[in-house]
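The structures considered in this document are given below.
Two complexes come next, and they have one chain in common, chain A, joined by chain B in the first and chain C in the second.
For the complex of A and B:
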């Protein structure tokens, strides 16, 4: 899932301080799971903002709504009828949702309510860690299901760098060396011979380096 | 025991303090409560294992929010005591009442009156 973290309330207040009718818009997908932008977080933020502005003597209307997703037309259409009631929207969706909102509703400012961090997993409640950088050419089949692109600080292929010490990365002793994990996993799979097979040079044009990307699937297009 | 405690305290029953969401506490302040305190079981005595620890974290979350929006984090508190500690319950109620009186009324209540 896409992992996001809550923005400080002060930062959100700074963005919306001149607006009088605001919609706090949550998303029921990834940001709900990582407890940054779901219905509950919408409620808490809206309540805090209402109290803040009331305390400042400002009359500000703050409404709450949470959509199933903010990255699909059909769900964003659900608010079309009410959008003209607001001066601004604070979207607690990931950066994708914020941008799609902004594209769809050109005349209403949309502010991000979360910081979108990475594609990751819930290791335990309150602990999310990165697993994928959406590089566009997955090599997990060759690396025992462990990704050197997202989990190695240098994103090196074909074995660890010289900074791997006792299974940890040189950038921090709490970070596992991705290549140590890969070696251990290949051994566990009884596929350690695969380690000798060199991974060819990666075409980074499929990654962000190639500019904004798109996936076109004519077979499912209408 | 017929213990006395301040009559301005409104008790809201929940099955476990783990049921107390941060939003419940914020809503109480939004509606004008001068202070909110959550009374949970002793640490380690939760029937649901960690309900009171969860409540404690949520109270801390609310305290931070209240500080950020200038309402005052100390208006929200968490206490732990066992169900057999009636005198302690009354003592906490008095303590909380005194603390909130020192802090004064919830500024939201005043702002609402002003706006009306």
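For the complex of A and C:
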């Protein structure tokens, strides 16, 4: 899933302080799972903002709504009828949702309520960690199912670097060395010899470097 | 042995001499004299001088410019190049720039993570990794081609080196990793600073058992301790460094004013021991901000005078 983290409320207030009618818009997908932008967080943020404006002696209408998704036309259309009631929307969806909203509703400002962080997993409640950087050309088959692009601080394809110490990365002793994990996994798969296969230069044109990407599937297009 | 390049370092190694290299860290400024003075101090005692590339990710004068200063002094630079700061366009371009000054040695590294340096908020590149940089230089030299396929007019003529750290984890891949660098095309290795002698010798033995020692020249890296504090710092704080307790103790048990002398003594003892070890083809003396001690270390280790090759 896409993992996001709540923005500090001061940052959100700075964007909306002059508005009088605000919609806080949650998303029922990834940001709900990582507890940053679902229905519950929408409620918490709305209450906190109401309290803030009350203390400021300012009358501000703050409404709450959570859509099934903010990355699909059909769900974003659900708010078309009410959009003109608001001066601004604070979207607690990931950056994808915020942008799709902005594209769809040209004349209403949409502010991000979360920082979109990475593609990751829930290791345990309250702990989400990165697994993928969407480089567009997956090499997990060659690296024992552990990704050096997202999990190595230097994204080395033929690691580990000299900074690997007791299974940890040189940048922080709480971060696992991706290449230690790869080596351990190759051994568990009885494929340790594969370690010595040189991984060739990466074609980064499938990644961010190649410009904005798209996937076109004519077979499913109507 | 047929020489592959015009490198003086390669000539010395191919002739069977124990090579001696050292390094100069460029300044945090543009004064060329910082480099030329350090080089002047050590030039008669070493065969080639590494110029570090923004080591520990602290911004400094570029390695290439500092190498050119050495070249203009008639010395033999080893251009250190990290993959942290340059994509494949910049790497190839700098290699050609170095080649235009007939810089004949390159050391291919990934570089410390930028979070250690003065631009912790900066981006890192790592378009290639160090093994892929080795392949890239060999490709440019041997095929006379760019990575993109075009022909290079007057290709680089560089002896290709890399680092090896036998002390990083996991130990079991340290020899396979050396094999991988050799397969990528590396011709000489400068090791991480050695303090755990037994482990270094075990690594060499395991490399020898796989027949790797005939395929690459290994220079053993040594760094003298100036103080007991430095020994403790290296042990605890420097990633991938293995300083045995007895070495720290030996420094700590020495009165403070005698510690520099003791550090040099340990370093010389290490060189004397490693000279006899199969697979050691020379020494890389990294006297960090203590370059003035290099002559004494080289002399007292019986590595002076340096051989002359044409």
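Going forward, the second predicted complex is superposed on the first by the 222 of 222 C-alpha atoms of A that agree within 3 Å, B and C clash if a C-alpha of one lies under 4 Å from a C-alpha of the other, contacts with A are read in each partner's own complex, and residues count from 1 in each chain.
Assume a contact is a pair of C-beta atoms (placed from the backbone, for glycine too) under 8 Å apart; a residue touches a chain by one contact, two chains touch by 3 or more.
This is a predicted model, so every value here is computed, not measured.
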item	value
Partners on chain A (chain B, chain C) - clash or fit	fit
Once both complexes are placed on the shared chain, angle at chain A toward chain B and chain C, C-alpha, multiple of 10 degrees	120
Touched partner set for A:201, first chain B, second chain C, both or neither	second
Which of chain B and chain C A:156 touches, first, second, both or neither	second
Which superposed partner A:181 touches (first chain B, second chain C, both, neither)	neither
Partner chain in contact with A:44 - chain B first, chain C second, else both or neither	first
Chain B versus chain C as contact partner of A:76, first or second or both or neither	neither
Chain B versus chain C as contact partner of A:59, first or second or both or neither	first
Greater residue coverage of chain A in the superposed arrangement, chain B or chain C	C
First, second, both or neither for A:94, with chain B first and chain C second	neither
Partner chain(s) touched by A:10 [first = chain B, second = chain C, both, neither]	first
Chain B and chain C, minimum CA distance [Å, superposed model]	28
Chain A positions touched by chain B in one structure and by chain C in the second	none
Residues of chain A touching chain B in the complex	8-10, 40, 43-44, 47-52, 54-55, 57, 59
Chain A residues within the chain C interface of the complex	153-167, 170-171, 177, 180, 183, 195-196, 198, 200-202, 204
Complex contacts: residues of chain B adjacent to chain A	21-23, 26-27, 29-30, 65, 68-71, 107-108, 111-112, 114-115
Contact footprint of chain A on chain C as seen in their complex	83-84, 88, 110-113, 115-116, 124, 126-132, 135-136, 147, 163, 165, 168-170, 172-173, 176, 179-180, 183-184, 192, 239-240
